[in-house]
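Take a look at these structures.
Here come two complexes built around subunit A, the first alongside subunit B, the second alongside subunit C.
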Partner chain A sequence: MSNFPMPFIHCVIMTLLIVSFSSLAKRPEFQLRLNNHLFYPAEIEIPENTKVKLIIHNQDNTPEEFDSFDLNREKVIFPKKKAIIFIGPLLPGRYDFFGEFNPNSAQGTIIVVPNKLAPDNTESEKNASKSPSNSAVVKEINHVN
Partner chain B sequence: MNCRVLTGLLRIISISLAIIFSHVVVADGVVVDKVYHPYVLPNEREFEWRMLSHQNDAGNSLGQRIAYGQSITENIMVEVYLVGERDSNDDFGLSAYEIETRWMITEQGEYWADWGMLFEVEKEHKRDIWEFTTGLLFEKEYGRNSLALNAFLIYETGSDIQNEFETELRLQYRYRWMPQVQPAIEIYVGEDYTGIGPAFMGIQRFNGQKQLKWEMGFITGLNGDNKDHILRLAIEYEF
Partner chain C sequence: MLINTIILFLRDALPIFVITTILISLLHQQGIKQPWYAIAVFSSVLLSLFLLTTIDDISQTFDDTGREWLYAFSYIVCYFLSLILLSQLVAANGKMRPRKYIMISACAIALMAILMTLNGANFLIYITGFWYQTNASNVLITGVILGAGICASIAVLLYFFMAFFQRYCRIVREIFLILFSTGLLMKASNLLIQIDVLPSDSFLWDANHIIAENAELGQLLTAFWGYDATPTMLQLWLYLSAIMLAFIVLFRANPKLSQGKTISKEAV
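Showing the complex of A and B:
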């Protein structure tokens, strides 16, 4: 049997670990509500090449599962609870998401915009802590049912 | 989880594995199986079937496993396996049982990369052979590209086998082209074996949490045999 080059693997794993946790700067936060199986707002603009924290408040009495192939995310949101989803860094474009349990109604889009057009959510973060429904989002569209 | 605690924990695990790894030899069974991802969803339940057909100069071998898995907390999933193999008389029968636990350590996307761990205990049917596996699961995504890496430390023990530590490394680069078709390249190292080959995987969603995942890989051994191919298939039904 041959010896496995484990010192090399050790170095690789340690490097990955150090890099993984080396960047822990505070990330921009954006808030969403899930109410009556609809996301509010249904569209959010975030800056390009930036990791952001999405906080989703499920105000319904049933669980929902945030799902997005575009964003490569799946997350269960328990009723009357909030869930945190980290997304990005992303290139400019539209990234759709939906609720797996109510895919026909619970739909939304993350719109990644170039940095010069991106919203400054510093003030919005303060508001978001006061009222999730009036949160850090820049653009809210009305649902048409 | 507190980040400092998490970092410390991962470093301790990594250093421990590295110290042990540097003193062990590679394993002596079939390495090609499945590349794990460090993610767990709450309320997740699944049935799984895996098949592995190995053709080399010594002939053809076939292994299959069926499993039931369920997440028991928001970040821990337990899966129980029944493993079957075709023996030298071409009879297919139960060969082992296995219990596996996957632990999602970091929230997906929170850090530069995502981390998890895997713990596995396998007992061979009718033979006193036990296998204890501990592994680090790593995944880094960039846009539609994902790189997953598994590093396993295995301890084999029992009266029917010589006690020994073994190691395995699995690597998968995947392009998330569309949900149903995601091409990948997989590399397996361990057990005096190095293999590489293309793989395809995909997912089809149904109502609610119901979804069907599939994987297929064709791995070629690079150990000098005239013929050394492995076909692996996996189907997972989540509900």
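Showing the complex of A and C:
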């Protein structure tokens, strides 16, 4: 293999420097909980055109894989551990996700809403850490039926 | 659970079957026989088991992004291993010296071992997680057998497809390896976007209505050359640059290729 020319190496270094700045920005955080192969809350609202940090806590004794073709994301969450995924910026709409190891039960939706309607992300954290949200309950009832 | 096991097995095992077929075909063309493959399989089984026991801890490193870093770095290494392998194979042009033989075998072993380790550990996470559930073991075994059958069938078809198209395109195997390894770079870019290391712009287009990524064809294309229905501008740029770099390496290693001459004296 021939040696790479210096301008090429400079370009690579510059690109890495530029892209690494993206990870320094503070992102809004949203929490999800996985319990008994169900996501709580089953629906999360996030603001449009904003990159957000999704923290998923797996409270089950089995691993799960967060998967979404709409969001182009895939991540294994180990039992009793948490996982972090960044999603967005997205246009308003509904983006489905599911647990790849339990696709029939572990399902949910990210709802991207216009900025004016976007909820405070602390609400989502409360919902995730306390009781299942209404939408999650509906999802569970639908699943049982 | 049976369907899910087959789908997950296909997702993790199909890329291994594809790269195995391409490498066996490429190396056989140059007169390199199979012992390298046994070494790759043996080492990757051991490494998969080791990764399975440590992946949980690795995942928690770097602010819960350790797994993405490991996989992305490994995929990038695989891309460059493919380039070295290609350049060595093409430059050898059928005249295999001991040094080149060792270099090519080492690259093939490393490439196979890394991919089998990463994908093997992925599937083992699922298998070991659900093995002790009631009646799960029988379903898991059945799913693995069915999945292996499908993968083997695709691998055989691919082998004969490449042999057939060798008549029309002398570098068909090399093209398949380039597309496959560029697909690995796409996977790496997806992982780095997922952990916010690379910027994620809006998707350039959504081709899910033409070929859905979760459909059978979409999964097949993803395994073959990292098909992505919703790429970003950065990913498209990366994909095209990686393909171009691979072809530059290929043609610089053996300029006769661009004149349509044969790579090897040995016909398959």
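Basically, the second predicted complex is superposed on the first by the 103 of 145 C-alpha atoms of A that agree within 3 Å, B and C clash if a C-alpha of one lies under 4 Å from a C-alpha of the other, contacts with A are read in each partner's own complex, and residues count from 1 in each chain.
We take it that a contact is a pair of C-beta atoms (placed from the backbone, for glycine too) under 8 Å apart; a residue touches a chain by one contact, two chains touch by 3 or more.
As the structure is a computational prediction, the values presented were derived from the model and not from experiment.
Chemist: Quick check on the superposed pair: does A:R73 touch subunit B, subunit C, both, or neither? Answer first, second, both or neither.
Modeler: both
Chemist: Which partner does A:T62 reach: the first (subunit B), the second (subunit C), both, or neither?
Modeler: So A:T62 only meets subunit C here.
Chemist: Would you check which partner chain A:G93 touches, where first means subunit B only, second means subunit C only, and both and neither mean what they say?
Modeler: Neither: A:G93 stays clear of subunit B and subunit C.
Chemist: Which of the two partners, first being subunit B and second being subunit C, lies in contact with A:F101: first, second, both, or neither?
Modeler: A:F101 contacts both subunit B and subunit C.
Chemist: According to the stated criteria, A:P114 is in contact with first (subunit B), second (subunit C), both, or neither; which is it?
Modeler: neither
Chemist: Taking the superposition as given, does A:K81 touch the first partner, subunit B, the second, subunit C, both, or neither?
Modeler: second
Chemist: Counting contacts the way the document defines them, which residues of subunit A are shared by the two interfaces, the one with subunit B and the one with subunit C?
Modeler: 1-2, 19-20, 22-23, 51, 63, 65, 69, 72-76, 78, 84-86, 88, 90-91, 100-101
Chemist: What part of subunit C is in contact with subunit A in the complex they form?
Modeler: The contact residues of subunit C facing subunit A are 4, 8, 55-56, 59-60, 63-65, 67-68, 83-84, 87, 122, 125-126, 129-130, 133, 190, 193-203, 208, 212-214, 228-230, 249, 252.
Chemist: Across the complex, what residues on subunit B touch subunit A?
Modeler: 3, 6-7, 10-11, 14-15, 17-18, 21-22, 24-26, 28, 39, 41-43, 74, 106-113, 115, 136, 138, 140-141, 143-144, 146, 149, 151, 167, 169, 176, 178-179, 189-190, 192, 205, 208-209
Chemist: Over in the complex, which subunit A residues touch subunit C? Could you list them?
Modeler: Where subunit A meets subunit C, its residues are 1-2, 19-20, 22-23, 27, 51, 53, 62-63, 65, 69, 72-76, 78-79, 81-86, 88-91, 100-103.
Chemist: Contact residues on subunit A for subunit B in the complex?
Modeler: It is residues 1-4, 6-7, 9-10, 13-14, 16-17, 19-24, 51, 63, 65, 67, 69, 72-76, 78, 84-88, 90-91, 100-101 of subunit A that touch subunit B.
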